[in-house]
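In the two assemblies presented below, chain A is common to both, partnered first by chain B and then by chain C.
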Partner chain A sequence: MIKESKGFKLIRAIFLISAALFVIVPLIPLVFMAFKTGTEYASTGVFTAPQSFLNFYNFMYAINVGKLGEALMNTAIILAVSLTVQVLFTTMVSYVLHRFDFKLKKLVTFLFTMTMFIPVVTTQVVVFEIIYSIGLVNTIWSVIILYSGVGIVGIYIMLNLLDSISKDLDESALIDGASYFTIYRKIIFPLLKPATTTMLILNGIGLYNDFYIPNIYLNKSTQTFTVALYKFFGSMSTPFEIVAAAILLGVIPIMIVYLFMQKYIYYGLAGAVK
Partner chain B sequence: MLGVKEQTLAYPKTKTSRMSATTKKRILIFSFLIVPIIHLLIFSYVPIITNFFLSFTNYNGVSTPTFIGFDNYVRLFTDPQYIQMFKNCLWYMLMSIPQLVFSFALAIFVNGKFRGLQLFKGIAIIPYLLNGVIVSTIFIIFFNNTGTLNMLLGALGLEGLTTNWLQNLDTVNPAIASISIWRYYGMNFIMFFGALQTIPKDLYEAAAMDGCNKWQEIRYIAVPAIKKVLYINLILSISGSIQVFELPYIMMNGANGTMTPVIQIQQSAFQDDRIGFAAALSMLVFVIVIIAIGIQKLVTKERSA
Partner chain C sequence: MKKVVSVASVALLATTLVGCGSSAGASGDTDKITVHTHMSQLVLGEEKKDDNGNTYRDESTAYLAQLAENFTAETGIEVELVVSQSADDIEPLLRVEDPEVDVFTEPNFSIEKFKAYAEPYFTLAECEEWYGDYCGTMQNDGENVYLLSPAKVYEAAVVYNEEVIQAAGYDEIPATLDEFEAMLTKIKDMGVTPISLHRIENWPLGTIRDFSAYVGGDAETFTKMLQSDTPFSETDPVGQTVKMYTDWKANGFFEQEVYTDFGVAMDSVAYGKSAMMLFGAWVVPQIQERTPNGMGSEIIKFAPAPDFGAGRYVMTKAADGYAIGKGSDNKEGARQFIEYIADNADYLAKSGFIANKKGVEPIVPELYQLIDESVEAGETELMFGAATTQNSLNNEAVLKEANLLADDKWAGLLFDSYDITKPGNWDAYNAQVKTQNDAFVKFRDQLGITWE
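Up next, the complex of A and B:
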């Protein structure tokens, strides 16, 4: 490696610190606000620290009034079901596309690939009619079904990894009398674990934060966390410091995932480019 | 244990083995693909095709659709109200340039291993983990009259520049669009940084042998290696800009001149019952996205060939 001069290191440090501050500064008022009382919020500046960081009134209020617990529960169910289905279907489709030759393979690959040209936002006018006609609007099943599709990015990640899984494994299992399904379940699926983990985490973050779909399909009593937060935020009667507290509460789950799974997030984001 | 069980089930086993290998394969292929393909057809292909036909009608969700030719499209291209929302998208496109250039330059510049890298990555990725409602709240505080931005400007002695960013018609769109710099530069940084790590180490070693300095290393190795990733992202940002929805919807509800095509689709379809019109607007967005991704595919193909 080329040696880095002192000057270079100094400039780099200045760059990095400014870039980090750029992220952090807009977040500070939100954190402060969550701990301020209503009168304190009205009378102090955004960068004035709250009198006490032990003022949990806003948090309690948000939990009790905002129905946030219920909404977080819905989000958890939606995520659990749709991520499971996504992982199963994506690995199944990838297994078939990678290991088998069949007449309609080209057409099937084409159908999956072309979906990247059909953004979700351009189909919802009609999809809403479909979901409405099967009576799923305002149930979490509408969101679960829409989230359960197989995305082309997931297939690409799986196909890449399948390239490195030797076909000899499949063949010797076949000779031992294993069925194709057993090969998928006992050999392929476990070996795809690095890719499924990455997919789970990136899609998990994406679905947890998704606003567009649940905002269309769940706008009455059943809500996901994002929509509940939006309703909370949109109703003029909710004081801003309560909204801030609700936000901090909702960030906790994702921060936990992030702390333990950082590695996979970086790996996934860097891999998404290829 | 398992072995014993299989032996006792000798009859069913011979029965299945009589089934030809091809049949077994076909059964597996069919059963593994059928549900995902049906999902794909029902929720992507059928809607986009139906959408195409609806876009030539005045369907309102209740009465039978009447064919009205290109009327919906003509309105889209002539009514200044609708032309404005496409102009708004230009702000989002424009802001993706500093967002990408900023993260690109930073990744190139800090390429390598050093103390504090993990901490920096950890901070830079935070905005990517926050949902649209949270980001909106943060930036309503930020752009508020007594908010962060005006306070900072005041502290720098630039009171002349302060304004009520989200109420001022001249600043509201650039203000909201600029949030993408904050929201995505960390994610882009990690993408670019990851791409840089795939450059073979011996390239750097060879450069060191030839007496390259750090600046030459950046100029002749790092930049050319990840330029492609920059191009892909720039073109993708065009298709992203045309689909902007979350922030202007949550922060302004599309009011105050912040309307975008996707907010309009939603309003026309679900509030105004102008489903035919919403379908036409969807088709227009669809075509723009196809053109953007098509160009991106061409560019990538040319470069990798």
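Up next, the complex of A and C:
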């Protein structure tokens, strides 16, 4: 075991405390702001604590007027459906690309890779017209379809893990009479669990925070959390104390997910790094 | 198994498409119109502050929603109101000519966009029958009007906190520039910000364009830059106006702190931390709503700007615009709704505007009282806002080519070039004047534009 000098321990402590402060300090005004009255917000500094941490007015306003509950439910449905489809499609595509040789395999892989280099913004006029023409604008299905696409990053994560899953398992199962789909369902898919968890975390956070797509496709009555948050911003002025409360409400689902899944999240990300 | 997978895939696709409320290619619905508007406060009610400063929605002020209900009761045409946060929300639907965009309001579209997205409301000649000279200030291409503005409004004036100027020893906004600046100095000496500008954003400096009309004594002052080789110099009205603003900056008449948004700037006037703003009528009700203890119109007043050298003026323009979507499947219903608004002086007054259609008895909101009195007494002259002409379009084309149009850089670059940490040093400002003058002349000549 390496013996740590006092100097090293001090430097490490300073570094860790600084890193923690970088993360925590910006959150303090946000928490303070969420519990302030409008007058307090207008007349006190950002690091001044609110008179009372029992002032839930801003939270109630965000829920009742901003319909944040409804928005969070929409976000949950969109995430649940699109992440399920994403995981199924990505694991299936990866399984096929890794285990089978077929004509145009390289081209297919190349095309998946190419999608990485095309910014979403540049295709949106055309994509909007397509989604509009099939009548999905202003329904959550527009966002679900756009989110359900297979991303090359997910495929690479899966392919990386598939390298370590022996083909002998597939062949043994084939000899026992299993179909390719059974092999995928009963062997490959369960063994891809660490990579699947990684993908769910990375994509889940990205989709939860995405504003661009839902704002374009859901601008009428249905809204996601980020769009509902945006509605608090006025063209001329914004009640920031309410925005702060709404942001804190938006953090709650993520915290709950983290509390229940921290083991998987840790091992999932560690697995991805490996 | 393959069959099972195929069937499951089709079923999944079918399920995802079931119940999708399609708007594409919707058949014409003459009993309903959809109105997309950026005026959220008129649909949902104004956001106000209670005694604790907490935000609440006053649904009794959802005047457009109330008007829509009355319209439905009288005509049988249902109205769906959709609030747009910005032009980005509505533009994708206009681009595909969504039949459900029957009426839209979007103040920030250029005339090119209105031509692309809106049905011509009527010809300029037809417009003039109903709205006279105000048609020139509506969005038009010289032939057709695309955005009907059924009301008029006063622009480019002073909205101020009366308690602050009274504390400085004044009962009203002084009539001359010298007296006005003397008042600003006294207010500054009291430790109060004389003028809230909200420089952190670009658009507030755009008002210099209107004020330059007062300096030049001509609504077309800004357009007439085209005739000058030195439009940004102090010897020209536009340059003189920017210099006046920059002098005020040098004298510390604007806020020293950075306002996080325009609401904070308005709060500063409402709470007396700042004495005034130089904007249009639209800002007055918003500041009045923010005053503590509901003082509102008792302390927040709206008065003509002082005489900047060519006379004391107040600008009047057409206001509150409505357009019919090009793809609308109920253009007749849309037109009926817009005309219903134009005929409703009460609604327009509650929105802060004055009905302007011939034959409609206007109701003048209380906020215009001081300006009306000043105009009636002959102390202030009404000035029509500049009309869109080939010259004004050409002038903007030159500024655009010189990269001075977007974000009102023609004013912002000059204003920012004066460094308040180097008091009295105008070298950078003068250099910027020369740069802009040279660029303007160069691109005007390159484009071959002359005054028509």
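List of remarks:
Here is the rule we go by: the second predicted complex is superposed on the first by the 249 of 274 C-alpha atoms of A that agree within 3 Å, B and C clash if a C-alpha of one lies under 4 Å from a C-alpha of the other, contacts with A are read in each partner's own complex, and residues count from 1 in each chain.
FYI, contacts are C-beta pairs under 8 Å (C-beta built on N, C-alpha and C of every residue); 3 or more make two chains touch, one makes a residue touch a chain.
Computed from a predicted structure; not experimentally measured.
In the superposition on chain A, A:128 contacts both chain B and chain C. In the overlay built on the shared chain, the residue A:30 is in contact with chain B alone; chain C does not reach it. When both complexes are overlaid on chain A, the residue A:80 reaches neither chain B nor chain C. In the superposition on chain A, A:137 makes contact with chain C only, not with chain B.
In the overlay built on the shared chain, the residue A:181 is in contact with chain B and with chain C. Among chain B and chain C, the chain that touches a larger number of residues in chain A is B. By the touch criterion defined above, A:252 lies against neither chain B nor chain C after alignment on the C-alpha atoms of chain A.
Of the two partner chains, chain C is the only one touched by A:65; chain B is not. Looking at the shared chain after the overlay, A:49 reaches neither chain B nor chain C. Of the two partner chains placed around the shared chain by superposition, chain B and chain C are both touched by A:233.
Chain A uses residues 125, 128-129, 145, 179, 181, 216, 230, 233, 240 to touch chain B in one structure and chain C in the other. Of all the residues in chain A, the ones that touch chain B in their complex are 1-2, 4-5, 8-9, 12, 15-16, 19-20, 22-27, 29-30, 33, 45-47, 89, 92-93, 95-96, 100, 102, 108, 111-112, 115-119, 121-130, 145-146, 148-150, 179-181, 184, 205, 208-212, 216, 226, 229-230, 233, 240, 243-244, 247, 250-251, 254-255, 258, 262, 265-267, 269-273. Contact residues on chain A toward chain C in their complex (touch as defined above): 37-42, 57-58, 61, 65, 125, 128-129, 132-139, 141, 144-145, 179, 181-182, 215-216, 219-220, 230-231, 233-242.
Partner chain A is touched in their complex by these residues of chain B: 16, 24-26, 28-29, 32-33, 35-37, 39-48, 50-51, 54, 61, 106, 109-110, 112, 114, 116, 120-134, 136-139, 141-142, 144, 146-148, 151, 182, 185-187, 189-191, 193-195, 197, 204-205, 207-208, 212-214, 217, 229, 232, 239, 243, 245-246, 250, 262, 265-266, 269-270, 275, 278-279, 282-283, 285-286, 289-290, 293. For chain C in complex with chain A, the touching residues are 1, 5, 16-17, 20-25, 38, 40, 47, 49-50, 52-57, 82-86, 88-90, 92-93, 95-96, 98, 260-264, 266-267, 271, 286, 292.
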